[in-house]
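In what follows, chain A forms one complex with chain B and a second complex with chain C.
Right, the complex of A and B next:
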């Protein structure tokens, strides 16, 4: 049971939602946008989050699209992970989604919620980082489209009142060779010891990581090292590990040493698999 | 302070009026206001699936849904599956021990068989991946679901 009360709003349009947000903010209601709500309800129940107003965006049409427009795949932020998995329009994203939480949770969890959530893993951002996707963000000044690399650095950076509306990805990324591996401490359904997603484009390996450091990331410097196929794989990984942007996590899911051991093995598996496909 | 609000839910093919806070979860409204105690408050944190109900046919953890979100949607609880083949199959296959987790398993199994008439083991495992049973293991539960799959469609009465 959630111990505090809040008002619930269900706007029909982005403009209404943004306007409502600013009105509620001015009234001291600490509004938050809400779609799947799984993380919000869990955190509210444990008094780790407080609000006096939630703005449910999942009936807004733009947030619910899931289709290909010309050469681009457009995914609304309120689309659930199950819908993404079942549509299979972006197979790498489907695979990553399928390993995020359990099936019943994924029936409610949304792509926008997972990417902008407070939990550090945000695994479903990995395919979008690899595919140089674009984000459509709405705010007081209307809509803007920005590169995911501009808006997502460790976490999604939005201005007060802004909404992540859609994620746009070139459809060509849906047909590239890919591999994703999620390792957990024990149970198949758990937070990741690590999640790696990788694809091969123009002969180069792209790789993105979650659960390794305290935030998900993709770094082109790491990709350059692991793509140097004139070098033995172990040496490439040694060089890549020196470029990681933060210390390897040392927590209840696994010690730093164990994570690094699993990371090395997983990178070998991914590199060898991707170099074996044309 | 927000007042409680009256709204209508459509539960097990019947309309029901409830008076609830916007922050009340569907689980608590079903149990406390409608007396539908089949959905169990196991963990109330989305970890056990004992509270699973169907919302417009999809299995949803009712502890992670606000009741107000269900307004205008069709909610089905374990009480709405009376005399279904899957209920009988759980009894016939000894797929119950203490019974606390059983409604959640049945709701997920029922929805699975409505969407996939002949699911493979991987699909069954995936659909039940959120359900925890601490008594007896999962083999009999999966056998119960498979027995319905091979006999007839899940939502037919026995």
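Right, the complex of A and C next:
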């Protein structure tokens, strides 16, 4: 049970949502945008999050798009992980999504919520990082489209009142060879010990990581090292590991040493698999 | 209808329809106008002085009705040793310990008020493990241990962190070691964990204007609640009624009486209005008592041909902050310390140790899955050293009639059953002869491991049960009993026992579902796999009583002697001419002759049972009779391991248990399977994780993981039937046993797979990796 009281709003348009946000902010209501609610409800229940107003964006049409427009795949931020899996328009995303939480949760969890959430894993951002996706963000000044690499650095950076509306991905990425591996402490349904997503484009391996450091990331420097196929795999991994952007996590999911052991194994598995496909 | 028309058959559970349709009512399903709600305030520290508790903000909130703290409960509780305040006084001893309770108009307002209570703490040095607790100069968790009142045999050691030490001294150790050609010695670790029942604990309490106390509790011990409320709060026992509706799983965790005291006081603080104490999942895991942990040292000595000569066993049970049943678990662990093996020379010290961790109470198996993990690993290590097949080593040493237990009870065929038969059958069903370890490919290996089990119910020596039978005007019978239905199927099995003896259809036997301590006869507690044995025997007594009455009245009605009459098929009839009979429905409320004369009156059968020939254990040698019988069995696990990263899949789990007599195969199979699943879950992934300050890092199901349906293996459950002569139809207790050998069997299978010794649970891939690398922790 959530012990504090809060107001609930359900705007029908982006403009209405943004305007509501600013009004509520001015009124000291500490508003937050609300979609699936899995994180907000569970954190509010434990008093790890506080608000006096939630703005539910689930009924806004632009946030519910899930289709291909020309050469682009457009996914609305309020689309649930289950819908994404079932449409299977982006197989790599479906695979990553399927290993996030359990089915009951995924029926509620949205792609926008998972990417902009407070939990550090944000696993479903990995395929978008690999595919150089574009983000449609709405704010006071209307809509803007930016590269994911610009807006997402460790976490999604939005200005106060901005909404992540859509994620746009070149359809060609949906047909590239890919591999994703999620390792957990033991139970299949758990936070990642690590989640790796990788694909091969133009002979180069792209790889993105969650659960390894305290944020998800993709680094081209790491990709360069692991793609040097004239070198033995172990050596490439040694060089790549030196480039990780933050210390390897050491927590209840697993120790730093064990994560590194699993990370090495997983990288070998991914590199060998991707280099085996044409 | 022949004998055994009902016993031994898979009768549909009598609670099935209510449960599968979602109509069964549990304690938290009831509400009432004016019901008030209570919530706990709990400690964020594992060990700290309480400097102040400021309740003023909470009291100012509009919905708040009352706030209580430790000062409102100026006494200590404990079923064996009085060491625990109802709400913390002066200091907190574990993370999650209740320090205050608020009562408010709604659950929501109660939660708000609980959050408004400000407690100032001063952290104290934390005793985080049993090894820390036993170290010289360790901080004392209970400074006044020497002054605590001992309720039942307990041996606390003042000025230490030892709540109890149970000694076993059997035979002659010097001789044992002299005869030992091979010795194995190792340490084992089994973490503290949660019961994780689907239904969190819940209690409602009210006190009427006339002083009648009514408590509803999701409990395994409604009769103990009545006794303790009477004792601690000085209320006449007759004025207290405890109701227990269906219980949504308990696994020992709801045998402890603790939150009931808070609920009673909360009601008292609001003039007796009905108060419901709601426990969140997190509080159910942290604040309520948990599953005990164990650190063990085992030293076994053996001849070259595999006969065990000596065992030196140190069991340090991690009782946590308060002794509760931890003390009795240490005793039970000593009683069965060797596992089901015949060993002449035994030295065991089994300790219940205080730590600054959530306190432990009974958990399915009562210390046995813990000690059997250590023993079964040691047996496999011995087999390896001797180069003897581990199954053969177990067969050679299996305990049997004529042997003595660690407490020197001489065993009979009736009270020990046949472990040999269980092992032989297990060997066949798991195809042991194909080999314990099979390489599948470069990366994968399959392996099988065995774990034996045994357990005696260690009840109070005078534990008792009753049963009352009454009849309806259609001739059907009502069975009134005090055993709680907590998912184990006890109501069904007991109805079958009555139906069988009355030769009556199951549809004509109606069992009371809710337990009401005012109307149902007492059953000690629904624990220790005893309901079939104790209540079953009481029910048979009640049937015997009713049959005698039916014959007596029937002899008047049918103008014959009672001895000429038989009872069955809802009739009383002449043995030599069944065509001469009276239907029971015509005698249920007395028999009336055609002329209006009546005889007999209502048929009411009574039966009772009390444990016999049990005795307290000798404090220096442990000699004594702890329980009436043992249930033995053998279990096996087959896994497939990936040698690269130590991930594994559990393929098959098998159990063969000597059930004495299977009353209902389906309920016996499901209770065993449930136990096996629990054992696998504990051994493969459960366990509280503590930081260096003794704080639990995983007090919720996001981070505390249990086996999921997708993880479960193929289960094979079979039974051997060596009758327990004093059990109903020869049946033995089965409720807990499925869990007991599983952690050992899983660890043995994985140890065989990795070619190492995996002696620390839980066996997550990381823990296997660490143990294979030789890390100490």
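In this section, the second predicted complex is superposed on the first by the 278 of 278 C-alpha atoms of A that agree within 3 Å, B and C clash if a C-alpha of one lies under 4 Å from a C-alpha of the other, contacts with A are read in each partner's own complex, and residues count from 1 in each chain.
Here is the rule we use: contacts are C-beta pairs under 8 Å (C-beta built on N, C-alpha and C of every residue); 3 or more make two chains touch, one makes a residue touch a chain.
Since the model is a prediction, treat every value here as computed from it, not as a measurement.
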| request: Considering only touches as defined above, state whether A:189 meets chain B (first), chain C (second), both or neither. | output: both
| query | Is A:176 contacted by the first partner chain B, the second partner chain C, both or neither? | reply | neither
| task | Using the touch definition from the top, say if A:1 reaches chain B (first), chain C (second), both or neither. | result | both
| task | Could you say whether A:107 touches chain B, chain C, both of them, or neither, answering first, second, both or neither? | result | first
| said: Per the contact definition in the header, classify A:38: touching chain B only (first), chain C only (second), both, or neither. | reply: first
| request: Look at A:56 in the shared chain and tell me whether it touches chain B only, chain C only, both, or neither; answer first, second, both or neither. | output: first
| query | Looking at the overlay, does A:47 come into contact with chain B only (first), chain C only (second), both, or neither? | reply | second
| message | If you tally the residues of chain A touched by each partner, is the higher count for chain B or for chain C? | response | B
| query | Following superposition on chain A, which residues of chain A contact chain B and also contact chain C? | reply | 1, 4, 42, 188-189
| Residues of chain A touching chain B in the complex | 1-2, 4-8, 37-38, 41-42, 44-45, 52, 54, 56, 82, 98, 101-105, 107-108, 188-189
| chain C residues touching chain A - in the complex, by the definition given at the top | 107-108, 111-112, 115, 282, 644-645, 647, 684-685, 689, 697-698, 702-703, 705-708, 710-711, 762, 764-766, 769-770
| query | What part of chain A is in contact with chain C in the complex they form? | reply | 1, 3-4, 42, 46-47, 183, 185-191, 252, 254-255, 258, 261-262, 265
| query | Which part of chain B faces chain A closely enough to touch in the complex? | reply | 1-2, 21-25, 28, 44-46, 49, 52, 58-61, 63-66, 68-69, 108, 126-131
